[in-house]
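When the chains are written out, they are named A, B, C and D in that same order, and each has its own residue count from 1.
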């Protein structure tokens, strides 16, 4: 068990030194305080997918039971990756340490820990790179900013590479576009070579490999969960959609993050998908095999990410669908937009996506053949294919959180906003430099949404929370909309701590609230089975009459 | 990895205190864990633990909150079976111990 | 500590040059041999570094998108922040290289308590741009030592640069601004704790080097007056690899040319390589069109996967129990 | 001239010193950032502290009404409760105000009649420290509650329903 810190002894309390130790960053070793790091991955999860060095360990232990030759493994791995990734080689060489990125990282702003400055998180790796891969580093050592790779350094890597959510805000502000997420990915790949993985990432990777989704929902569990969602849809609208699963010959395959099939408020967004697709009579199918859009493998190594992502194209080919729609998820769309086709493409067994309802050609997806659901829905609304009654969302005062990956790895800004503005009458933007490409992260991305590192998550999410607080104060905002499953999972606790009174929802929950479905009964409840605004005054005894 | 002693047999638990191998679970582990935290388990209590065990047996994962509220509603009376009422009554209930009692692993991922 | 180390290195270099020329009159070494060696090191070094970067492939298309993507026709696509064609990428790179667009990114002027306050990076953008632009103009002006007849645009730059007609010879703004920018960047590096905390000796050394070159240049032009005719003869000799005599030229010139040789020689080993790096950075020099056109990863090897058949094998009966279609009953 | 007027007159100097002392509890590099970056969203920590100590200082001078000052105390403590500070260091910022006021008073007016007025001011600060302990505990308990309520445990929260009913009755 992680050692609990004893209460401070009297003499410790008396000398409250207000200024922390000012040692040079090369020397200050890392202290694993509970609440600021995740548990180490357990044996079962590593064995299931063949990751090296599965063993019993905790990051706070002194001995991490690393393989004897761990140092050679790491350096050999670094050499191989320098040869395989121009980004890694370049970002190790061209940083001029100008400090433009230093105060842009939400973990630095929230924690004040200098090693959370993106430039320093990179220097943790660069200092080792210089020592073993540059003549200057070898000759001048510390003078040239180089240092030995020791176990303490490896622990420091682990502590800080699992304290970066790979949100890439630093690469927006770097004059050369140095992307700390790339360096963190390389760091995590190297750590994985010696078994340095967190439990919260290992679990979903093993589940996704074996059962098709991060949660480990087996086929009948997926259909059973969706049945319960259909019950609720029937209760509020009198209509029971009939989604199909693993159906061959369907026109479209729909892949959503599995978080939407399990946790609140994700399930409300899933209800939104079901209601929308039923209303427009879409010929689509879910898949229990490719039942995960997200990709926690992306937080371990490129190879693992490719092994998990394989299922989507394989299933699309097996079912013979024309193209794919992807649900609301952040990391999923970074992987789909920038990696999927390169890994598992070409997707030539599918055709260029064309909306069967509006005839619009999605040119920006003609290679990967996969369309974002907000692109699809925005097109429906623009062509007047949906009957909407925004007044049903009048009790909500909505603002929108741009997820990091859809913002900086793709550039989806207007589509979700267009939908929200058409389904909600009260919508306010957060301050300009906390949204769009400068959005602040939810603080728990890239697999950091575990429970044990709650303090770390609160620090990381504080800049975004302070932006939400400002619009809560100014406009009375009470609903934070987003298009990411991890956001829907982690923003509620973030709001409970920093901005009580603001709840969280997915964009398609708002859409389904306002959607007037053909043949639906008079709606008295929203997707959360809570009374809609303006229903109480009309009294309970209202008998249902068809709208 | 820590472990707990119940009737002379030791069972492995992980960093958060969850039973590592859920098959090992038996009723007196639950009683042991509950007694340790000063809670005695009533018959109604056991009913729910058994429901969770059966659900897990069948689906290999914990039930969704929506499922549990519906099932509780059936066994404990309609008005207790909706999420809003239960969240209100137990916003910060000691859920963690309950999970340990039933000895079920935690769902992980984008949740 | 790092500062002192770099500063003492510069002093040592100046002393070596001065002593070498004044006492051991090694004018020839400092005037000809070292410059040739330095230029050779520079060319080979930069070439090798860029080749080494170029050798590593770009496996994935990972631009950092800072604007709305190209999407439905009625949504305004921000072409230069989220390029989807090569032309847009070229414009984005040009904005980056010539106007330091990214350092300009968070320069939103906010009025607070009636006072207009810029983001903290405005000075970095200004000084950075000043240093690079003036350095370029100074290089341009120095072409008149290396070309005969002196091209019109060099003379034009000269006259523009000295348009203030102050003092004799005319005060050239770029030389002074170059020195001021370097000095500012140095003080910024030691005054902002975050930047000081991360600075290595290798960050101070180039700054001192540029400052000393600028100072020696200014000294030569306005104070110690050197014989331009002889210097032109030497420089032309260097360029045409012809006979060169080095006597009759002040020691300050040799210090100047020695420091420039050091800068050229040091260039490929240092962070100054960001000159080549910025053009190769995968987060800026690629279009965000990977969903339109497949990006090929040269080392894309097959991986061990969990196929549908294995999946169905394991869950067949459970799937049958809920009526899911099966490949094999 | 009594102590209150003196403090009012020296208000901005005191606030500036107090702010600097609080910021120095952060690592040196971060301290300058917290001081220099004025934008509220690029530096929410610094901004919240600055805004908070102004209101707290007003309360200390005037008659402190607990609700209003609790909001501003909460905004600062809520941040420090999840940062790298031990509880003692997290709440140390209030004692720093005593230090600043005492330094201000001593070099201003050595006569003794200020003494009991000073003790009135300092006792008000002590009251604030008491309130701060409650706020700090609320923040820490919220963190543990969030940990306990991570969705992985949502599902079983209801398991406790039967016991809770019994305990619930026992308590009220």
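Simple rule for what comes next: a residue touches a chain if its C-beta (ideal position, glycine included) is under 8 Å from a C-beta of that chain, and two chains touch if they have at least 3 such contacts.
Source: prediction; values computed, not measured.
Participant: With centres defined by CA atoms only, which chain is the most remote from chain C?
Facilitator: B
Participant: If you tally C-beta pairs in contact for every chain pair, which pair wins? Let me know.
Facilitator: By number of C-beta pairs in contact, the leading chain pair is A-C.
Participant: Suppose each chain is reduced to the average of its Cα coordinates; what separation in Å results between chain B and chain C?
Facilitator: 61
Participant: With chain centres taken as the means of their Cα atoms, state the distance from chain B to chain D in Å.
Facilitator: Averaging C-alpha atoms per chain gives centres 39 Å apart.
Participant: Would you mind pulling out the distance in Å between where the CA atoms of chain A average out and where those of chain C do?
Facilitator: 35
Participant: From the mean C-alpha coordinate of chain A to that of chain B, what's the distance rounded to whole Å?
Facilitator: 28
Participant: Show the residues in chain B shared as contacts by 2 or more other chains, in ascending order.
Facilitator: Residue numbers touching two or more other chains: 64-65, 107-108, 111.
Participant: Scan chain A for residues touching two or more other chains and write them down.
Facilitator: Where chain A meets two or more other chains at a single residue, that happens at 102-103, 114, 117, 218, 220, 224, 262-264, 433, 451-452, 489.
Participant: Considering chain C alone, which of its residues make contact with at least two other chains?
Facilitator: 106, 120, 192, 194, 197, in rising order.
Participant: Spell out the residues on chain B that touch chain A in their complex, using ranges where they run on.
Facilitator: It comes out as residues 1-2, 14-16, 20, 58-61, 64-67, 70, 82-84, 107-111.
Participant: Chain C touches which residues of chain D in the complex?
Facilitator: 28-33, 36-39, 42
Participant: Using the touch definition up top, name the residues of chain A that touch chain D in the complex.
Facilitator: 8, 13, 16, 18-20, 22, 33, 35, 102-104, 108-114, 117, 262-264, 431, 433-434, 440, 450-452, 454-455, 458-459, 462-463, 466-467, 470, 489, 493, 496-498
Participant: Under the touch definition given earlier, write down the residues of chain A that touch chain C in their complex.
Facilitator: Within the complex, chain A touches chain C at residues 25, 50, 82-91, 93-100, 102-103, 114, 117, 119-120, 123, 135-136, 143-145, 168, 171-179, 182, 209-212, 218-220, 223-224, 245-248, 288-289, 302-303, 306-307, 310-311, 314-315, 318, 336-339, 341-343, 345-346, 360, 363-368, 370, 375, 378-379, 382, 407-415, 418, 432-433, 437-438.
Participant: Provide the residue numbers of chain C that touch chain A in the complex, in ascending order.
Facilitator: By the definition above, chain C touches chain A via 2, 5, 49, 52-62, 64-72, 74-76, 78, 81-82, 84, 96, 100, 102-103, 105-106, 108, 120-121, 124, 128, 192, 194-195, 197-203, 269, 271, 273-274, 277-278, 280-284, 288-297, 299-300, 303-308, 311-312, 314-315, 318-319, 321-322, 324-325.
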